[in-house]
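Naming follows writing order (A, B, C, D, E and F), and every chain is counted from residue 1.
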Amino acid sequence: MTLLTFGETPLRFAPADGGQLHTAREMRVYADGTESNAAAAAAAMGGEGVWVSKLPDTPLGRRVVSELRRYGVDTAVAWTDGRRQGLRFEEAGVRPREGTTLQDRSGGAMAAVEPDDLPMDELRAADAVFTGASTLALSGKAADTAAAVFEATRGTAITAATDLDLQPGLCSAADARAALDRLSGAVDVLVASEDDAAAVLDAGGGARELVTAAADEFDLELVVITRSERGALAMHDTPGTNVVHERAAVETETVDPAGGHAAFVGALLQRLVDGADVADALSYGVAAGALARTVPGPYLTADRAELDRVVEESVDEPR
Amino acid sequence: MTLLTFGETPLRFAPADGGQLHTAREMRVYADGTESNAAAAAAAMGGEGVWVSKLPDTPLGRRVVSELRRYGVDTAVAWTDGRRQGLRFEEAGVRPREGTTLQDRSGGAMAAVEPDDLPMDELRAADAVFTGASTLALSGKAADTAAAVFEATRGTAITAATDLDLQPGLCSAADARAALDRLSGAVDVLVASEDDAAAVLDAGGGARELVTAAADEFDLELVVITRSERGALAMHDTPGTNVVHERAAVETETVDPAGGHAAFVGALLQRLVDGADVADALSYGVAAGALARTVPGPYLTADRAELDRVVEESVDEPR
Amino acid sequence: MTLLTFGETPLRFAPADGGQLHTAREMRVYADGTESNAAAAAAAMGGEGVWVSKLPDTPLGRRVVSELRRYGVDTAVAWTDGRRQGLRFEEAGVRPREGTTLQDRSGGAMAAVEPDDLPMDELRAADAVFTGASTLALSGKAADTAAAVFEATRGTAITAATDLDLQPGLCSAADARAALDRLSGAVDVLVASEDDAAAVLDAGGGARELVTAAADEFDLELVVITRSERGALAMHDTPGTNVVHERAAVETETVDPAGGHAAFVGALLQRLVDGADVADALSYGVAAGALARTVPGPYLTADRAELDRVVEESVDEPR
Amino acid sequence: MTLLTFGETPLRFAPADGGQLHTAREMRVYADGTESNAAAAAAAMGGEGVWVSKLPDTPLGRRVVSELRRYGVDTAVAWTDGRRQGLRFEEAGVRPREGTTLQDRSGGAMAAVEPDDLPMDELRAADAVFTGASTLALSGKAADTAAAVFEATRGTAITAATDLDLQPGLCSAADARAALDRLSGAVDVLVASEDDAAAVLDAGGGARELVTAAADEFDLELVVITRSERGALAMHDTPGTNVVHERAAVETETVDPAGGHAAFVGALLQRLVDGADVADALSYGVAAGALARTVPGPYLTADRAELDRVVEESVDEPR
Amino acid sequence: MTLLTFGETPLRFAPADGGQLHTAREMRVYADGTESNAAAAAAAMGGEGVWVSKLPDTPLGRRVVSELRRYGVDTAVAWTDGRRQGLRFEEAGVRPREGTTLQDRSGGAMAAVEPDDLPMDELRAADAVFTGASTLALSGKAADTAAAVFEATRGTAITAATDLDLQPGLCSAADARAALDRLSGAVDVLVASEDDAAAVLDAGGGARELVTAAADEFDLELVVITRSERGALAMHDTPGTNVVHERAAVETETVDPAGGHAAFVGALLQRLVDGADVADALSYGVAAGALARTVPGPYLTADRAELDRVVEESVDEPR
Amino acid sequence: MTLLTFGETPLRFAPADGGQLHTAREMRVYADGTESNAAAAAAAMGGEGVWVSKLPDTPLGRRVVSELRRYGVDTAVAWTDGRRQGLRFEEAGVRPREGTTLQDRSGGAMAAVEPDDLPMDELRAADAVFTGASTLALSGKAADTAAAVFEATRGTAITAATDLDLQPGLCSAADARAALDRLSGAVDVLVASEDDAAAVLDAGGGARELVTAAADEFDLELVVITRSERGALAMHDTPGTNVVHERAAVETETVDPAGGHAAFVGALLQRLVDGADVADALSYGVAAGALARTVPGPYLTADRAELDRVVEESVDEPR
C-alpha cells in the first residue's frame, strides 16, 4: 500500500551538544516535517511512503531529498529557484528552562506551491493521502494545492487524512480551524492531540467529547485523539453506531520527542489501508509514536518486526 | 546598577565525554570562578557585572577574560608575568562512584594580588561589591586586597557581600571563619549553604538558628542560607525586628551543578541594589541558581525574561 | 596475588552517539571480554591480572593487547595468521526499543586455540584461574584448551573458577551445561546470574535452591548467584556445613552495563585468594560490579581506595 | 537509463580521527563497494543506479541498504539469515607509514548468493550491467551468479562491463584472470588501472599495448585504462578500426581516495548508454573519479551540473 | 582609538567535518560579518571596536552579540521583533569541487534599519567609521541609514571608510557601484580586492591604474587594493602628490579564509587613526589579514604583540 | 634488552580542534615526556622500555601510568602526596602564526625526587639507561637523583645516554650545559639537534665540528646530531679512530611533531644494546623519529616490522 503525503519539510537545526541556540558551537541538522516523517513511518511499517513537495534547488533543498530517501521515503519534488528552504531552530527545555522553537519559514518554496506542481501519476497511485493543517496555514497557494491533492485522489485513495498540529509562529488554532473548514468533506480521518483539538474546536470536556464534536462538525469517519502519557483514543463513525477505542500509552524513555506524532499518523494510516480495524491501527500508531521517540532525529527507524513486538507486548483491552 | 566582584577565576578542566580524569582523552575547559560567575549573573539580570582580578599574561590567562566577556562580564585585570593560571580538575560522580575535585591553584597570579593592583575607578562606580571567603583564603595578600576592596567601596556601594563556599584543598571551615572574622563589620550580606554555615559557625540547630547566629556574630544586615532541594531562607535584620523569608526550591533537572551558588548570589545582589525587597531578591536568587544548573558550564545564560517567568511560576508565600 | 584468566576478548563496536547500529555514523570500539575484564578488575583491586588467549596478528588483534595493558592487565598471547578477530556489535535499548547484540565471532583465532599455545610459566604462577563457560562453547579446541588450563594449574592455584554467562548466538543454556559438565571436579567456584543459573540447572525455586543444586551437582566449594538490583548471594560448602551469605545491591546509576559481571568475578576471586572470607569477597564483588557500571566501557577503573570506601558504606548484615 | 550493478558491498571501518586501527577510539562506518558506488555515480549523473546483492538480515545488512538509498541507489536485495556482513578495516597511510587494509569478508552473505536470488524484473530493465572481477573471486557461487546476471541481461542491456580491481586478501591477479576468462564473450567493456591490467594480462609495454592486448584476448569492444595522475586512456574496437582516446587527469585534492575508481566506472557507463561517444564518456569518468575523491566517503556526491562544469573545464584534445 | 562599524552580521553555517552542505550531519556556526570582524580586528590591535546594527530579538540574534563580545567587540544594537536573523551557508571547495555560498538574508532585521535606530552617543565617540558596500546593497533603508552614519560622524571621526566586497546573491558590481556613488564625498578611504575594483570601476589595467581611477572618481584620500598572494597596494592622495605604497603578502597557511579581508580593514584603520603613516598601516593590514586566515572562524585572534612580530618580520621596501 | 629511562612526564594539553589555547573549547591530553616516549619506542622496537619517575598520587598522576602502559612501557613510580602533576600547554603554529608552548611544571612531583625513591631492582636490570638534560634542569634534587641513576647502573648497563633538548621556560642552554658538565664521565652517548648542540657547546661550524667538540669535551663514545630534514649524523669515538656516519632524513608527512626526538633516542639505544653497529642504529633512529611524527600523540606506535621496512627502503650509503 502507498501513503502519499504532501507538505513542507523544514530543516531542523538543534544544538549539537544539548546546549542552547545562543551559545552552541555546532548544530545538528535534520529534515523534519510532519508529512515526510509520516511517509517514513509508512515505509518502516513495510508499505510505501511518498512525499510530494516543492523545494528550492539548492544544497539545502537537495539534502531534504537525500535524507528522506535514507529513511525509505520516495519523493516527488517540484524544484524551484529563487525561494528559500524553510528552517526551524530548536532547543530542548530542561526544567525549569523552557524549550525554544524558532520558526524560520518565511519565503519558503512550499508557500509558492501550485496545483500545476503536483505529480499526477504519484497521486493516482496513492492508497491513502495525508496533509496536515499546518501545511494549509503556510499560504493561500499551499492551501489551494493541498485541496487539489485531496481532490485529485478522491475516488482512488481509500483514506484521506489530516491533523491538527499547532505550532507557535506557524499554525495557530485559528489557522488550523480554517484549514479544517476548508477540508471539510474532503478528508475522512483526523488526528490531533487532546490540547490541540480542544483549542481548535473550542470545546470543553474530555477526549470523548472532543472526538464526537470533531466527527460531527467536520463529517469525519475517524477521529483520533492522542493523549501523551495517557495513550490515544479513536472514534469510528460507522453507519448506525459510533465505536470508541482506547489504547494506553507505551512506557517510553524519550530521547528526542520529534517525530512521535508523525510516526503515529503514518503507522495508523498504513494499517487502515492494509485493511486492519481501527483498534489494531491505533495500537500500531501508539507503538510507532513511542519508538520514534527513542532515537535522535524525527524518523521511525524501527522495522516491522520490532513494531509488531511492541504492539503485542502493549495491547490492552479496549475500554 | 553595577555589581563589582573580586576573586580568582580558575580554569576548570572536566572530561569531555562524561568520563574520568585518569582516562579522558579530551577535557572541556571553562573559566569558572564564584565571583566572575556572580558578575555574569548580574549581567544576565540586566545589570552590569564587573570582575576585578589578577591574571598571568599567558594564553590561559587571556582566555579567562575573553570567555567572561562572552557571558556579559566586564573585566578589570592586573596582568602579571611569572605566575600561573589557577586550574581546577573536576570529574562528576555517578553513584556509587564519587566525584573528584583536584585544586591546582598553587603559585597562581591572584595569590600575589596587592591593593595597588585595584582599579579605583571601577571600585567607585560599584553599587554592590562581592568577594567570597575562599578568595581571602588564597593568601595573605589576597585577603589584604579583598579587605582593601571593601574599604574602598564603603560609602559608595549600597551593599557589600561575601559568602562561605567551602572547598576541600582550597578553603576549610577554619579558613572561612578567619575570612569572616576579618571582614566583620565591612560586609552586610552573607550567603552560605546550610552545611557550610553550620561548619563555619560551629552551630547546631536548623537554618533559622544559623541565620540568627551569623547575623549576631558578624553584625550582618542580611544572612541567606541556601538549602539545595529545600530552597533558601533569608533573615533580614532591620532595626527593631528580624524578618525571616523562605523560598521553596524550583524543581530542576541539573545538567551541570557548577555555577548554581554564584548565580544565586549575583541575582540576589542585583535585585537588592535595584531596590527590591528581600523576599523578591530571594526568589530571583533561587530562580537564577536553578537556571544556571540547566546548562553545561557555570554561567547563567538565561535572560531576564526567562528569569521573570521562573520567578512568577515558582513564587510561594513567605512563611 | 595473581588471577590468570583464559578466554576470547572480542572487540565491541557500539554506536558512538547513543544511536543505532543501522544508522550510526561512528562506532566506539572496546576490547571487551569477560575474562580480560575480570583480570582488569583484579589489577584494580591491587593484585595482578593476567589474560591468556590467542589473537590474530593484525592491527585489530594488537589493539586488544594494548587496550588491556592500559587497564593494568598483563597478557600472554599466542599470535596467529589466517584467522579473524572476534567482534561484537551492540546497541543499547531504550524503552520500548530493545537493545541489540550481534555476535560476529565465527572464524575467530580463539576457536583454534590449542593446549600447545599455553604459556606454562604464566600458568604455574597463578594463584587463581578463571575461564567462563562461553569460552568453552566457542569450539571443541577452546574447550579442550580450557580444560588443559585447569589441569595445568591444579595444585598450584588456590582457586579455579568459571561462570555461566549466557549470550544469544554465543552460549546457550545447553552449551553452558555442557561446559559445566566438562569442568565438573576441575573448578571449585561458580558465578552466575539467577536467570542463567535457573536456565542451565533447569531448576525452579529461588537463589538459595539454585546455589544448593549447583554445589551438589558439580561438586563446587562456592556458588555465587548475582541478582541485579537484589544484590548477590553465595553458598560456601565447607566440610560439615553450608553457609549462605547475602549482600544487598549497591545503588548504581548505570552508564554502561558492560563489564559489571566480570568486575564482580575479578574482585571476588582477588579477595578469596588474598585470604578474605566469603562474606568479604562477596562485598567486594558487589562493589566492583557497581563501579564498573558507572563508566563507559567494560573496565573497572576504580582504584582500591574507592572500592574500600564503597564496601564500607554498603556492608549490611549477612542474613 | 538504468545501470544495474551486482556485487558485495562491505562496511568499511576507518579510524574516525585520522588515527590508526590499533589505537582509534572511534571508527567511521561507510557502506563501500565498487558496484554500489558505481550505481551511486550513475544516479548522480542523472540516471538510475540499481544494486543487486545478498545481505544478512541484521542491522549491519540493513544499514547498507539505507545508506545506499541516501546516495540515490535503488536496491534489490536477497536477505538471508545465518551469514555475516562483509567488513573492511582501513587505515590511511601517512608517509613513511603505509596504509593498512584488512579484509574481513569470510562467511559473508554474498559468497552464498545463487542465481535464484536474482530479481529478474530488475535485470530485464537494465540498460547497462556491471559487476567487478573481485565479486567473481568471492566464491564459486558468486561467480556463477555473476555469470547468470550477464546471461540474463544479454539482449536487453546495451552494455555489459567488468573491471579489474586487485585487492590484497580479496582478489589476486590470478583470481581476476580467472574471472576475466570466465566472462570472456559475455562482457564488452573492461575498466582497469594500468598496474592491475599489467599484472593480470602479464603484459609489458605501456597503456596502449595493454588495451590492445586486453581487447584482443577477451573479445572486448572497449578497454579503458586508468592511470592516476596521468589520466585515462580508452581503446574503442570498432569494426575495421581501433581508436584510442586519451584524457589528462583533473587536478585533484584528495580527501578520501575511496570510490574514485567506481565513480569513474559508473559515470563512464552512464554516458555510453546515453549514447555519448567514448571520448565524452571518458571525460565524465575522469571528472567523476576526481570529484568522488574530494569528499569523505566513497560516494560521488556531485550533481550533474558540477560534473558538466568539471568536464567542460578539463577537456583536452584526444591524442 | 575607537573604530565604529555599521553593518549586518549573518550567522555563517558550515559543515562541521569539512563535508558538504547537502550531506553534513552537523554545522559549525559563526557570527561572521565584514563590519563586526573589522571591529574585532581593531580590538585585537589594542583599540576599541564598536559594531552598530539591528538584530531580531531571538536566540539567534542574541548569539551574534555574545559571540562578538568574546572577541572584544562592543555592540550597540537595535532589537526588533518580526524579522529574521540573516544566515549564510558555506561549503569550502576542494579542487576540482567548487565551494558553495548560499546567502539566506531575505527578510533580515538589518534591511529594516532606520536612522532612528542609530546610537548617537556611540557615533559621536568614533575616531573612525566603516561600513561596507554590501551593507548599502541590503535595502534602501540600509543604504539611507549607512549614509546617516557617515553624516553623523563627519566632523568628529578622523576617517570614514568603505569597501567593495562583491558577493554573489548579495552585492553585485552594480550594487557596489551604486553604493560608492551614493557615498562619494562622504568617505575618504576605500579598500577593495583587485578583482572587485576592476569589476566595479569597469577599468582595465593593473592595481596602480585602479587606485588612481578610484581616487579620482570618488574623491578619496586613500585607496587600498588587496591582491591575495601578491600583497597589497595603497595610493595616498595628498595635496600636490600621490604616493603609492606596496606591501608583499605574508606567506600564509590558510585554515579558514573567512575574515581575512575584514581583519585587513580593521587593522589598517586602527593604525591610521593612531597616526601611523600609510605604509605602516598597510603592513598591519597585511599581517592582520594573514593571521586571521590561520584560525577557524572569521576573527582576528592574534594579540598586538603577535601582529607587531609579523609586521617586523615581513616588512619589505616600498616599490 | 631493557632500556631504563628516568625523567618527568608532564601531561600535554593541546586544543582539540587545531585551534588556540585562548579559544579552544576542548583540549586533548597526552602523557608526553622525552624519557617515557623513548621507553615506548624501545618497546615498539621489540625490547623492554622502563620508565622510572615520581608522580603525585592523583587522578592526573595515575593517568600518566595507565597511558604509558598502553604504549608498552613498564613503569616504576614513587607516589607522593602534596605536589603537582607537571603540565604543558601547547598550540601548534600555522604560518605566520607562531606556535605556543606554556610550561606549567612548578611544584611538580619530580622536582622533589630523591635517590631513595629509586627502584634498585629495576636499575640493576637495565641494559641501557637514559635521562635527558631537561630532567636535570628541573631541580637540584632531580639532578642529584639522575646522577644516582647513572651511578647505580654503571657496571651493569652497557650504555648510558643523555640528550640536549632545550625548551623555553624549562631548560636553557646554560641549564643543559650544567647538566652535561655534571654527567661528564658518567654517560657515553649524547643525542642533540644541531641547533641545541651549537647553543650548548657555543661552537660554530657544522654538525661534524659539533660532534667532535662534544665528544672531546665530555668524553663521549658516541655523539649523534639530528638535523631535521637533513637527517642525522653520528660520530663514534673508537680507540684510535673516529668514524662519522650520516643518514639522510626519511620523507615524512608530519601529523604531530611531538615525540620524534624521543623515538629517535629510544630506537637508537635499543639497537646499540642489541649489538647493532652505529650505522644501523642511526638508521633505526631516523626511521623511528619519522614514524612517530605520522600519528597524533607523542608515541611510536609502529611495530618492528614497519620499522624494518622503513629502514630498508631508506638506507643510503654512509658518507
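We take it that a contact is a pair of C-beta atoms (placed from the backbone, for glycine too) under 8 Å apart; a residue touches a chain by one contact, two chains touch by 3 or more.
As the structure is a prediction and not an experimental result, all values here were calculated from the model.
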item	value
If a chain touches chain A and chain C alike, it appears here	B, D
Fraction-based call for chain F against chain D, same above half, different below	different
Farthest chain (mean CA position) relative to chain A	F
Farthest chain (mean CA position) relative to chain B	D
Rounded Å distance between chain A and chain B, as computed from the means of their C-alpha atoms	48
Whole-Å separation of chain centres (CA-atom averages), chain A against chain F	64
Distance between chain centroids, defined by C-alpha means - chain A, chain E (Å)	45
Per-residue overlap in chain F, given as positions that touch at least 2 other chains	20, 22-23, 25, 62, 66
Set of all touching chain pairs, with the criterion as stated earlier	A-B, A-C, A-D, A-E, B-C, B-E, B-F, C-D, C-F, D-E, D-F, E-F
In the complex, chain A residues that touch chain B	17-20, 22-23, 94-98
Chain A - residues contacting chain E, complex	13, 16, 20-29, 58-60, 62-63, 66, 84-85, 87, 89, 91, 100, 102, 104, 106-107
Interfacial residue positions of chain D with respect to chain E in the complex	250-253, 255, 287, 290-291, 294-296, 301-302, 306, 309-310, 313-314
Residue ranges of chain C in contact with chain F within the complex	62, 66-67, 69-72, 303
